[in-house]
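Next up: some structures, all given as structure tokens.
Next, two complexes with subunit A in common: one pairs it with subunit B, the other with subunit C.
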Partner chain A sequence: MEIKEVFKPKAIEEAIKLLDHYQEASKIIAGGTDLIISIREGKEPAPVIIDVSSIGEIKEINEIDEWIEIGAGTTFTNITEAAILQGRYQGLIDAAASVGSPQIRNAATIGGNICNASPAADFIPPLLALDSLLIIQSTDQIREVKLEDFLRDKGKVALSSNEILTKVKFKKLNKGQGLGFNKLGLRKALAISRICTAVYLEVSEDSKCNEMRIANGSLGRYGLREKAVEDYFKGRALTDDTIRIGGGLLKDEVNSRLQGRSSAEFKREAVDGVFTVALTKAIENCSHRKGDLI
Partner chain B sequence: MKKISLKINGKEYNVEIEKDMRLLDLLRDQLHLTGTKEGCGEGECGACTVIMDGVTVNSCMVLAFQADGSEIITIEGLDKGDKLHPIQKAFLDEGAVQCGFCIPGMVLSAKALLDKKPSPSRKEIREGISGNLCRCTGYNKIVDAIDKASQYLKEEGEEK
Partner chain C sequence: MKKRGIGYASTFYGTGYGNGFPDISRAIAELGKDGNVYIYVGATEVGQGAKTILSQIAAEALGIDFSKITFICEDTSITPDAGTAAASRQTYNTGNAIKLAAEELKREIMNVASEELNVNTTNIQEYLKKIADIKGDKVIRKDGIFTASTTEMDVETGQGNPYYPYTFSVYGVEVEVDTSTGIVEVLRAACGQDVGRAINPKLIEGQIDGGFSMGLGYAIMEDLNVENGKIKHDRFTSYLIPTALDMPDIDKIIVEDPESTGPYGAKGIGEPVLIAVAPAILNAIYNAVGVRMTEVPVTPEKLLKALREKERGA
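Here is the complex of A and B:
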């Protein structure tokens, strides 16, 4: 691997200046758990490396007005330990805890998970289900983009070579709202998702679904929302029957999307079970506070 | 070449490194701290585990320049002269070591766990070492050893 220059800026402005100067020649490194392997395999030429792991301002998790903002340099370990995310956002903690191993969670960042856009990225489905916005900075502007619009293809995102993802934000969850996550891997630790599903749910006081957002990983070229299934649940009561029918619709969606792939037969059956567990967790996380009706 | 300074096992180092060097290569090839092992080289096996600024990382997935200004603990930093660290003693007492290749990483993962959680459950111990593969022992003896190390560390704390 040929690396000509390395930088370790302490402030975001400094990192942006370097990006602007080196453009395509530069690669951002944070946890390095994907980049170092691909550089060593010769897949990713990276003459200039900019390490953003010492920039404190992109490692914070804050509540600002009606938003939760998470810095792109936050590690998965930071997420699992964030008191502010316990309860309604348990789906985010479960997703972070399911990534890799302790060593990988200590290094790997949510910004890397998003920008590398692996089809199996565990943190993308829960952020999609929360309808997250990304904050992207360059020398001349700060822009916001929906995560859903940012993901373009397997490993491809709408990020220019002079831009850096600094934060992810989503609306705070209130009474009756919760996020659930479930993952199917081939083993407990260090498992790459075969399927991972996140469900955001808002229920009314009479236990009907006001709104649902479902996002899946490893069932397409990148993390995807399942809007046909979401539409079915809107306004319906969450009963064993409706959950069974909704799961059936998801099976049909996945079946048509994965047609021709060897994994289709297995995944279309498995997705129903993975979704049902994620939804059950979302229902539980909606009502985590004592005294809440739901 | 690039100059960096870092603290390893309590000692200050000012070193010149190649820009494409990994922390693992710096430790083993340049500083001859060969207790840290290279297994898979891609973050699956945990043989190269070191403690960096208080948390475990795979040193095969950290570039050496990223460690500038940080504090590293390797397996060489655990014993005190002739006296083994209580975790090392527990591994020997429980017969948790067979070929030994995974053990430096395993001991450091155990240390990071016990520093954070002095009395872990067996499930928490298994989670704590879930990033370290051992192909000899079947893990049971290692879990026993970490359980015993937790007692040793408590006894040591009481003596002080």
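Here is the complex of A and C:
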């Protein structure tokens, strides 16, 4: 489809008015690292493009009460440079740093990564592990939805044609809480993840797992939580033995989920190694001092 | 678990088209009206540094500054055929043709200097403009033709002299294999490369880096994934080549043993710097984890499968 019109609103209000007017005929562009490719391939049906890259409100990262809020227009480079995310949220920074190349990270936004809902989206697993909420706006309302409920299928999200994702938010991490991330790509840059895993961990003062949330990418039709494995760890000490058993459970989960796919044999084996590193990083990030669990 | 291993591989490689295929390079050296020397040659610069090295050879043969050479290539309307930028042949073959043309030109310039200016010298640089002015429209122009030595192999015995000369190369590589994911990381490498004579050592180092990255991709990444005759990995998001971040530091050892038939002893190294990389990496993988991989690329998928099979067998 030929592009007929391009709008460049400066405020969310303007953008949602345009969306309301054009509905399915319009498509939002931010960094364009996915959209430009599909336009060039002639796969993009919308003749109207709404460029949100000049809307300042959706590019901020803020601490508000007990929440961290990240604007959907934040680029991966912005994430890697955010002082507020250093330390306990290192998993978010690692995930952002693993996306594409510097050129892609300078342009691509987290909102695009979420709304395109690729099974291999690197930023979705850490946000799932943080139990993130999305803030979505239209002319009628502002609504909140859990990221987990927003993802419907490969490339499909619960977003109406008159809505725009403006922010992602999650609870601030405190003492004993941390996020780890690890990715298996086939090279060190510009690699689409074959597996990516994020682990949110809360440890008690006696080094037991109070809570764990594990989310994987590239192991299903979209980013998924691994609740069976999370349940196993809850209340247990994190030892070599429990990590091995937990990794084994994850292998079984992945094996049954990918049954019949050519990649199953590799991914069910490799996920264990990828998860173990993500968990080890989560343990490290729970503390500002390495080796000190609390 | 991460396991490290070291592997070596060596190669000798015949440069030029070989096996009796006619291998001829032509060049023209001309003293332009502006007093610069123009080299016309059909050699193609594809990033390997042909323009630089071939200009250096011309400057050396004439005994003049590099800045006095104007190099003209890749224009078939004004340049003679120098064959393809392939078979690692431009430095050796076309370098020889340029050297011959430049030497002829120098002789003629010396003759003119002697006859017209009464100057007998091999140091011609300061007389170039004067001689160009004397010659006016009748510019001095000399051809150089070099024909490589190659004969077809005897079909009965397989014997003959298919290539000349040969270039020798050795790689040593250290890898780290993650036995839980099958990922292979190349940590460091060393390359010992016979070059005959290093016309331009920096460009040889560049060729070694380039050759290594190709060998690295060939060994562990580049997979066409052909199914029923169709290439499934038909773009660079799926057909992976190494990035700068995947490259290790390479210790480059340039071995100079001048080749008597080469221009100032130089030989071609374009392909030789690539050939031993993949076998060295596969040997290093074997040294690290005891698995002998016999198919490239050694993707994490294939290596992890082989590792699990070995564990089950043990």
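In this section, the second predicted complex is superposed on the first by the 288 of 294 C-alpha atoms of A that agree within 3 Å, B and C clash if a C-alpha of one lies under 4 Å from a C-alpha of the other, contacts with A are read in each partner's own complex, and residues count from 1 in each chain.
One rule holds for everything that comes next: a residue touches a chain if its C-beta (ideal position, glycine included) is under 8 Å from a C-beta of that chain, and two chains touch if they have at least 3 such contacts.
Just so you know, these numbers come straight off a predicted model, no measurement behind them.
In the superposed model, A:A189 lies in contact with both subunit B and subunit C.
After overlaying the two complexes on the shared chain, residue contacts for A:D272 are found with subunit C alone; subunit B is out of touch.
Residue contacts after overlaying the shared chain place A:D231 against neither subunit B nor subunit C. When subunit B and subunit C are set side by side, the one touching more residues of subunit A is B.
Once the two complexes are laid over each other on the shared chain, residue contacts for A:E60 go to neither subunit B nor subunit C.
Once the two complexes are laid over each other on the shared chain, residue contacts for A:D241 go to neither subunit B nor subunit C.
In the superposed model, A:E13 lies in contact with neither subunit B nor subunit C. Touched by subunit B in one complex and by subunit C in the other are residues 101, 188-190 of subunit A. The touching residues of subunit A, counted against subunit C in their complex, run 101, 184, 186-192, 194, 263, 265-266, 269-270, 272-274, 276. On the side of subunit A, the complex with subunit B involves touching residues 1-6, 8, 29, 31-33, 36-37, 39-40, 49, 51, 53-54, 77, 100-104, 106-107, 188-190. Partner subunit A is touched in their complex by these residues of subunit C: 178, 180-183, 221, 237, 240, 242-246, 299-301, 304-305, 308. In the complex of the two chains, the subunit B residues touching subunit A come out as 2, 19-20, 22, 41-44, 46, 49, 55-58, 60-63, 65-66, 68-69, 109, 112, 127-128, 130-132.
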